[in-house]
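Two complexes are shown next, each including subunit A; its partner changes from subunit B in the first to subunit C in the second.
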Partner chain A sequence: MRWWFKARKGHTLLPLALAVFLGALYAVQDTTVLLPSIVGSPRVALSLFVPVPLLAFLMAALESRLPAAESSGVRSLARLDNSLITAVMAAAVLCGVLVAAVQGTAAATTGGRNALFLTGLMLIGRAWVGQAAVMVPVGWLVTIAVVGFRGNLPYAWTVIALPADHVFAAAASLIVFAIGLVSHTRSSRRSA
Partner chain B sequence: MTLYALAYAVAAALACWESGGLKNARVWALAPARSRYRIAANVLIPVVLLSWLVLILPPAISLVRSGTFPTLDSLRLPAAAMLISVAHAVLGFAVGCRLPRVIATPILAVTVWITVAFTRAVQPYWPRHVSGQFGTYGFGEVPDLITVAVPVMLAGGIALGLMALWLPRGWVALRVALACTVGVSGALGAYRVAADWSAAPPLSTGNVAMVCTGSAPRMCVPDFNARYLPKVQRDTAKALTVLRDAGATRARPGMITDGYVDGRFQRPSTDEVWRMILTRPVQRGDAVYQVVVKSLKFQCKQVDVRTARAAWLWAAVRTGQEGAYRMRREQEGVDPVARQVEKQVRADVERVLAQPKTAQTRWIDQTLRTCKASAR
Partner chain C sequence: MTLELTNCTYGYRRWKPPVLRDFSYTLPEGLTILLGPNGAGKSTLLKLGASVTRPQRGRVTLDGSPAGTAPYRRAVAWMPQDITPMPTLTAREYVAYIGWLKGMNRTDAWKQARKALVRVNLADQVDSRTNRLSGGQLRRVGVAGALVHGARILLLDEPTAGMDPYQRRVFRDILRGLTEDVRVLLSTHDVADLAEEADHVTVMHGGGVIHHGNTGTFLRHTPPGTLEGRAAEAAYTELLRSRGVAA
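== the complex of A and B ==
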């Protein structure tokens, strides 16, 4: 198991990923940006984009593998990978709660929730396109910036643009993440 | 919606991805049979073409739908944006050579997209002028060449600097020095040029072919409105004569021209030259009425609605523009209050029009001077 962790570069990439996530989440606070959009110019919270580096590092960790040893081994690496993903996501949610507690606003908790949702999307995409799926969350972000707002209010399907206390967004994130894990279990043996 | 930022992000991200692919395939470790620039160019061509598509397709569809042929001036912005996307592709390629592509690509895409797009909304004005996220230009406005050159200077300078790093011969220190010189001078040059600009970069207005006709007043409109012009000019001259004879105005404009083509730098009218927004009114048929309204000068600070409209309606009826007056009122919206006011105005004006001409002259003169309709 230690070798598996080393092969995934978990000891270097993951602490870096979480540090970047935590730092960025703390730094952006409630900053919003004006982005070009089809309907008006919604003020998009900068915290929407904070999970992107975390996902990139996570994908890099999952893609860092020893194909020969992994496809001939008897241990279920999918299960180990899934627990790795889940642990990283738990840490991300914890980071969100931590930053929210320090700043005294609930806004930062959306960081953890959004990381969960976008990771789910990325893992679903990974079943089809392999490591290029790291761009699926970016595509989702572009889509919601362009068509996801009615005036300044996000549509419900955007999920990640919804406020922190939105029950549907939390449930949708969990469900998408779960689907992502399942599809990842089915596809992770294939070396991409 | 302007897609400049998205096009640059597409160029940078895909170039980074492709460059990472070359690195993973160990292409750079092979013995060189072709120039490295050529290898890089081969993978960058589809990337650049895609980002050009992002830039060009939406305006192309618009132009085709409206059956318009683009002018040479209108190609300045897309041409500059295309050069800037090439520069962003080079930048992304350089990043992909150094960093693992899985990590670098999404971060680069989001960073370029947000940084470039958000320059539109930050306070010192120079970032928006150097970022390549061009603003919106109005009818008749053309950005100066320096305006489109500045973002090309920034992105292009950095890109040329990076390309200098890959020169196949020369000492490394020399190449680094050359790269730094080119990159820093491009960036600093762009900053120094744009540092003093206000929200509007240097641009020229009034770049519209105008047609003029008649005299006293000579009238000018953009050439696509030329077919309305003879009748409008005739009616305007007649209306002004009627109003002068009736003692409502002493205005004798030598020229009435369409100020819409002046875009964001509107010039004030003078007694001799009137600049009015006429493009839509000419098509809609209330241009003469607008001239009539402008020729009536109330001589006090505030005029109540009933008095103002009474004067306008009287002038409109006398000059045969009653239809335009009614159209204008309908555009403003017909609510119960407006209907009530309109009924009063109509009654006032009918009473005035029933009087002899000299009494009407006295009435309009008094109305314009005291801003109180005495016929109530």
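== the complex of A and C ==
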């Protein structure tokens, strides 16, 4: 297991990823930016984009492997990989809660929730397009920026643009993340 | 142990013709050299044998045990063409990881990894990071990975590519040193280098076997007047030419 963790660069990439995530979440606070859009010019919270580097690091970790040995081996690594992903997401949610507590605003908690949702999307995409799936969450963000708002109000389907206390957004993030884990397990089995 | 492919059909894309169609093959005892032009289906055959891909039709078995099962995978080792260096792992960790993936416990994998690296003459590199190794050294790490768990079937995809003459000699010595009950299927383009070590030669083209037999039968294709030391190469070229492949 130790070699698997080192192969995934769990001891180098992931602490760095979480440090970047935490730092960015703390730095952006409640900052909003004006984005070009088809419908109006919505002010979008900058924290929406904070999970992107975390996802890129996570994808790099998952792709750091010995494809031949792992696909012809006896041990299934899908469960270990899923545990790693879940641990990183738990840490991301914790980072959000921590920053929210320090700053006294609930907005930062969306960082963790959004990381869950976007990771789920990325894992679903990875089952189809492999490493390129890191672009799926980016595509989602671009779509939201372009057509996800009515005036300054986000549509419910955007999920990640919804406020921190939105129950639907929290539930959707958990469901998409769970589907992502299942997709990841199934694609690991298929490639094995 | 008998590795058998029975009526296997496999294609990488549904809309493209399959690489192997209704392909049957039994790996004979000893060392078998697998030859053939690029795209002949050699690597696909090895991947099916390693159970990393499943045939769309047909069966792959090892003494009747279907491909993909734990006993099958423990008994078969596969070294692919491309060995991925891993900057975070030393050569020993790399080989031990492969052993662990093949079901060895950590202690055994760690011990056997060192032994396997010594066998491929990399005793002085056991603690080197794999991204610091040369291409030839990395291939030897790959060979060590195939040897670490004591597989009974070795499937080696161009293991000598990128090795210098000394490293090739080391590799030939390793093949010679394998016990008699280990069967090896070795895909290569270094015909001259390895044919003399082989017990059998299989030549593939267009997803089928165009020649299979012992080395003596293969060398009978050598045209008269061939220079000494070039017999295997000339036999291979002549065999392809006689099947209309070289044209």
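To be clear about the criterion, the second predicted complex is superposed on the first by the 188 of 192 C-alpha atoms of A that agree within 3 Å, B and C clash if a C-alpha of one lies under 4 Å from a C-alpha of the other, contacts with A are read in each partner's own complex, and residues count from 1 in each chain.
What we mean here is this: a residue touches a chain if its C-beta (ideal position, glycine included) is under 8 Å from a C-beta of that chain, and two chains touch if they have at least 3 such contacts.
All figures in this text were calculated on a predicted structure; none of them were measured in a lab.
Chemist: Touch check for A:66: first (subunit B), second (subunit C), both, or neither?
Modeler: The second partner, subunit C, only.
Chemist: Of the two partner chains, subunit B (first) and subunit C (second), which one does A:33 touch, if any: first, second, both, or neither?
Modeler: After superposing on A, A:33 lies in contact with subunit B but is clear of subunit C.
Chemist: State whether A:152 touches subunit B only (first), subunit C only (second), both chains, or neither.
Modeler: neither
Chemist: Could you tell me if A:3 is touching subunit B, subunit C, both of them or neither one (first, second, both, neither)?
Modeler: The second partner, subunit C, only.
Chemist: For A:83, select first, second, both or neither according to whether it touches subunit B, subunit C, the two together, or no partner.
Modeler: In the superposition, A:83 contacts neither subunit B nor subunit C.
Chemist: After lining up the shared chain so the two structures overlap, which partner does A:12 touch, if you call subunit B first and subunit C second: first, second, both or neither?
Modeler: In the superposed model, A:12 contacts subunit C only, not subunit B.
Chemist: Mind sorting out which residues of subunit A both subunit B and subunit C touch, each in its own complex?
Modeler: In subunit A, nothing is touched by subunit B and also by subunit C.
Chemist: How about subunit C: which of its residues touch subunit A in the complex?
Modeler: 50-52, 68, 70, 73-74, 76, 78-80, 82, 84, 86, 88-89, 93-94, 96-98, 100-103, 106, 145
Chemist: In the complex, go through subunit B and note every residue touching subunit A.
Modeler: Counting only subunit B, the residues touching subunit A are 1-3, 5-6, 13, 17, 100, 102-107, 109-110, 113-114, 117-118, 120-121.
Chemist: Could you please specify the touching residues of subunit A with respect to subunit B in the complex?
Modeler: Those in contact with subunit B are residues 33-38, 46, 49, 52-53, 55-57, 59-60, 63, 131-132, 134-135, 137-138, 141-142, 146.
Chemist: Residue numbers of subunit A touching subunit C in their complex, please.
Modeler: Counting only subunit A, the residues touching subunit C are 2-4, 6-7, 9, 11-12, 64-75, 77, 191-192.
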